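Just below sit the structures, each encoded as structure tokens.
Across the two complexes that follow, subunit A remains constant while its partner is subunit B and subsequently subunit C.
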Partner chain A sequence: MSSAPDTLGVASGGHGGVVPPGASTEAAALPVAGKGSKGSLPRLKTASAWVSVAGALVVWVALLGPVIALLAHLSWRAFWSAVSAPGALDPLLVSVESGLVTLLVLVVVCTPLAYLLARGRLPFPRVWEAGVLCSLLLPPLVIGLLLVFMVGPYTPVGSLIGHFHLTATNTFLALVIAEVYESAPYYVLGAQAAFGSVEPRLEQQASLLGDRPVRVFRRVTLPLAAPGLAMSLAVAWARAMGAFGAVVIIAYHPTGIPLQIFTTLQETGLASALPFALVLLVVALPLPLGAYVWSARAERRRRG
Partner chain B sequence: MILGKSARIAALAIACTGLAAAGCSSSSSTAAGGSSPSSTTSAASSASSKPTGSVSVAYASSLQFLNEKVVSSAFQGAEGYSFSGQGNSSGTLEAEIAGNEITPNVFEAVGGDNITPLEPKFTSWYVQYAGTSMVLAYNPNSKYASQFKAIASGSEPLSKLFSLLQTPGLKLGRTDPNTDPQGRDFIFMLELAQAYYHLPADTVAKILGTSDFGSASSSEIYAESALDSTLESGQLDAASAFVTQAVEQHLDYIPLPDPINLGNAALASTYKTASVKIKSGTKHGSPQVIDITIIGSPTPAALAFVKYTLSAAGLAEYKTGGFSMITPTVFGSGVPAAISSELGT
Partner chain C sequence: MLNADVEVERRSFTVRATLSVAAGERVALFGASGAGKTTVLEAIAGLVPMSRGSVSLAGRMLSGPGVAVPPWRRRTGLLRQDPGLFPHLPVRDNLRYGSRGAAAAELEPLAAVLGISDLLAAMPARLSGGQAHRVALGRLLLAHCDALLLDEPYSGLDAALRRTLTALVRTLVRDRAVPAVLVAHELADAQAFADRLLVLDRGSVLQAGSPSSVVLRPASRRVASLVGYLGFAPAGRGLAGVHPDRVVPGALPDRGPVLTGTVLASRPSGAAWEADLLVGDTPVTCKLPDQPTGPELVITVLDPPYFGPDGNAIDRPAADARACPGARSSS
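Right, the complex of A and B next:
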């Protein structure tokens, strides 16, 4: 896009580098997600562009600091001996299974709520949103303590599920419940924003053309909101895989990876615990990373 | 997104920069940790007669309430030094001190065997000054509460407790024997009770719900921080506890006799007959006595804190907190004169 006014000094490979007439230099200098090159590298032409990239680099490296420290302090021999011990990877399976079940629950239960919130179809919408924010604001440890009051064996809910020979403390069910509570607010708010980005006009036009609401949702709303929904699910997945505060209270057993890191730290110390943090990263990262890449591509396609 | 060659080089450079930074932080943190004994030395040498400065105390989790809510404020009021504390299991604290991950001035551990591994690098002595013991806390609203109360009051024999705990459907909570001393002590207590009351050989296995006593895979096991809250919220019928926890948190509890409660230092050889095999090896029962020592060179604040803890006022606070009183006894050598004089030795 060399023909575009290059206020930023960064030649954009896509359409996103065009600065609208009247837009301020500062506004144009802001990075815009999803815009920019289609695989080509931006060329840094001015000092301000170099400064902005350097600033971003400092922040990025700082954010990556814990991961870098993890890699720097990890002995590969310790890593191998930790992960090759008998049963060492059982918690990984527990985390992946519970994480996937959690995502399924979120999609089925929370997607309709997010859609209704986005479309303002609920009375007193601010009250509903405040409720979601409350669950977001509660520290996970507190959520765990309060879940004991909600689903403990001697509560009405606990008695009810007890009839089905289930219990919601120290079981797989308890683990999923804890993960759902730790991740649901992130998914609901993200999905609400994703649905909110879909023009209601497009849905109305599809309705006018005779599509039923379910078909409109499936053919119009869902495809347009899909990139945002994918990112919301990715965030929820990360929250579920790393869930600890509520889990340690109501689901000490079966052991997932975060709890395995905690107990290994107490049993044999830092050197034995750190390898499992890397396992968590390696296993948990592909799904959100895939969602991110797919979401960015879908967004680009949508914008033409 | 396809990265160009130069982008890949840039990414590699960034990663190297980060790794270098992490490496630097590693060496600097190690240096900081390693310098702690000398820093305490310099603090000691620069001490003036004016009571300023602070004491950093690493204590066993069972001493958290007493230290943070009672002793710290009384000590600060009496001596003028400020107090900062951190609680964890004694074994974890010992490992962290040994690895220079933490640099407290004072270490309070349950059991001297968590202090002796630190000798002679960090200390050469400790003083045993109080004891705690195992009890069984119970939920006063449980459907078994009347039976627990009858046993607690003595109207039913204590041996009945161990058949009651085997009742199907009774919800018992305990902590992980692999990570928490209390989890092991509860198992030791059951083993001692089985022998002391001549109970059937499978009593402990039935109560624990497993014949692998050291296993963490049990629905009875809760994190230490979750056990009492789950009992208090009414979702357990009974839970393991130290008497000090039960007193501090106003829990209903059944006291246990000395031969099984791990609270009498004179019965150490009896307690040692109980054992449990956990991931890190086989552990044996030992008296639940509290030991205190100074880590590194004694700072004035550290000396003042140990002296205060061992004074009549300090020991009285422990007694109020449910600890049993034992005559303070010195183990090892090189006890600072100020502490010896406090003990009258």
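Right, the complex of A and C next:
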């Protein structure tokens, strides 16, 4: 494993864990400080090195372009007047609440699925994976349409929900359902990769040392998968916050930030929608960034 | 005391082995790769289901009719080639992983014995192969396992380190009086470790005995090939097994059969020379102190085992007499 911590990729690859057997004799042990672990700059000696760095910089700036454009075109006064209008921040509350509930649902429902997929404990694993991919590959707008036919008031599922005096169209429940469908595959695939990076041998060893399976999961599997799990949860959070395609069809009310941006854009134009774009970014990004920093630190700590 | 009567179905054959290891005793399961050695260990540890048989350890029934204690309640310590340290825990936490607090006072003295006192705060990624193995061994000992199962733990390490670690394990097994079973595909590893050797081939135990009796008096030609006999030349009452290490140049008829062969090839081997001979129409490989000079070579095979046409050893009574000094030879 080289110097840079894994980039935003959900799977955090192999942990820098066990020393390959017989890799070195005892004498060669401790003094070998992991090279590059202190973030030393690569030396730019050749023209091709300069060209590759310049090319990477162009791509990086281009990818960040929208954020730069947002900050360049937004005036503080416009931002302040937009967010201080009465009720302007209600959608923020709706988005955060629905996002948190979505995360809870994902953690409770999808974590076991991801673990079983990673450990190959399910028969016909490809079929299960295809099911997960299905909601990833379907356009969100289509998911929204199909959800109406699945959980709408006159469907079997809808009438079942009705027994609990709930409705799955234009309600908070509908918003959560839409957000779950838009974010679940990102979490499942990421968590599967995170669990997959934990060597089964380590779980077996913990078991032989006297831990029942639940304890093995808590003491070995979970800590080792945690950086990857945090990253995929963060990605899922960002997807849930920004969910629009399915939401606009099945949960037009209550209004979350993406819909607020859309309606403001339609009613009063580009300039007045921009402040809410910043609100969305400010709400959606801290968790992924925090998870990124935390998992990078966990990797570094593990390398000693 | 570990008593295991193991039967496990594998794809191509059934693994059957019976072994009984006293506290503080060291037994080696020796055989070629894929003979089913690891399967025996895993069945004892409860990691693979048995089709029949029983395992009992320190008076507790672990497997048997209607009994299947899960791995986490067996207290069998398994050490593999990959030491399997938990990468997210520093050495100290790795060591006390299975000890449940009670053995805290034991940790420092044991670390000193293992020579890892300076490493307690280090992360496993920083350890060398040998250090990682010491930590893994310490972790098993602190967990107070009732048996040590060693699955070729040191096969990736260099020879000197392997010797040190083997000696360390021998001492610890004796001091703590736990039964220990080593799986090895190198005869030297098995001999260096064990009091008793079980030769396993395609799932069956072919021979059990002290390492020297197995090597000097293999029960069959198959065992003989496994322990390093590289030729079977007609002599006396049958086929004499020729082990390269048990050959001297020249004719010493009172020490064993004298063979005359044509030198086909020779090459340096360690501090000696290894030569391929053709004795009659039988190829034989032997080790000699010096490079053979002429095309013809006379060698004496020191007290070889003899095998009958069925492949089994003849002359068993003599072998038994040798194994138990004082018994009267009946041949």
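We take it that the second predicted complex is superposed on the first by the 252 of 304 C-alpha atoms of A that agree within 3 Å, B and C clash if a C-alpha of one lies under 4 Å from a C-alpha of the other, contacts with A are read in each partner's own complex, and residues count from 1 in each chain.
Operating definition for what follows: a residue touches a chain if its C-beta (ideal position, glycine included) is under 8 Å from a C-beta of that chain, and two chains touch if they have at least 3 such contacts.
Keep in mind it's a predicted model, so treat the numbers as computed, not measured.
Of the two partner chains, subunit B is the only one that A:Thr255 touches; subunit C does not reach it. By the touch criterion stated above, A:Val96 is placed in contact with neither subunit B nor subunit C. Shared-chain residue A:Glu267: touches subunit B; no touch with subunit C. When the shared chain is aligned, no partner comes close enough to touch A:Leu44: not subunit B, not subunit C.
Of the two partner chains placed around the shared chain by superposition, subunit B is the only one that A:Gly158 touches, whereas subunit C remains out of contact. Once the two complexes are overlaid on the shared chain, A:Val148 sits against subunit B while remaining clear of subunit C. Of the two partner chains, subunit B is the only one touched by A:Asn170; subunit C is not. Once the two complexes are overlaid on the shared chain, A:Ala72 sits against subunit B while remaining clear of subunit C. Residue overlap on subunit A between the subunit B contacts of one complex and the subunit C contacts of the other is empty. Across the complex, subunit A meets subunit C through its residues 15-30, 32, 34, 199, 201-202, 204-213, 216, 219-220, 223-224, 298, 301-304. Subunit C makes touch with subunit A in their complex at residues 45, 47, 70-78, 80-88, 97-98, 100, 119, 122-132, 139-140, 143, 156-158, 161.
Subunit A makes touch with subunit B in their complex at residues 39-41, 57, 60-61, 64-65, 68-69, 71-73, 144-145, 148-149, 152-155, 158, 167, 169-171, 248-250, 252-255, 263, 266-270, 293, 296.
Of all residues in subunit B, only 1-2, 4, 6-7, 14-15, 17-19, 21-23, 25-26, 89, 92, 95, 99, 101, 171, 176, 178-180, 216-223, 225-226, 229-230, 233-235, 279-280 touch subunit A in the complex they form.
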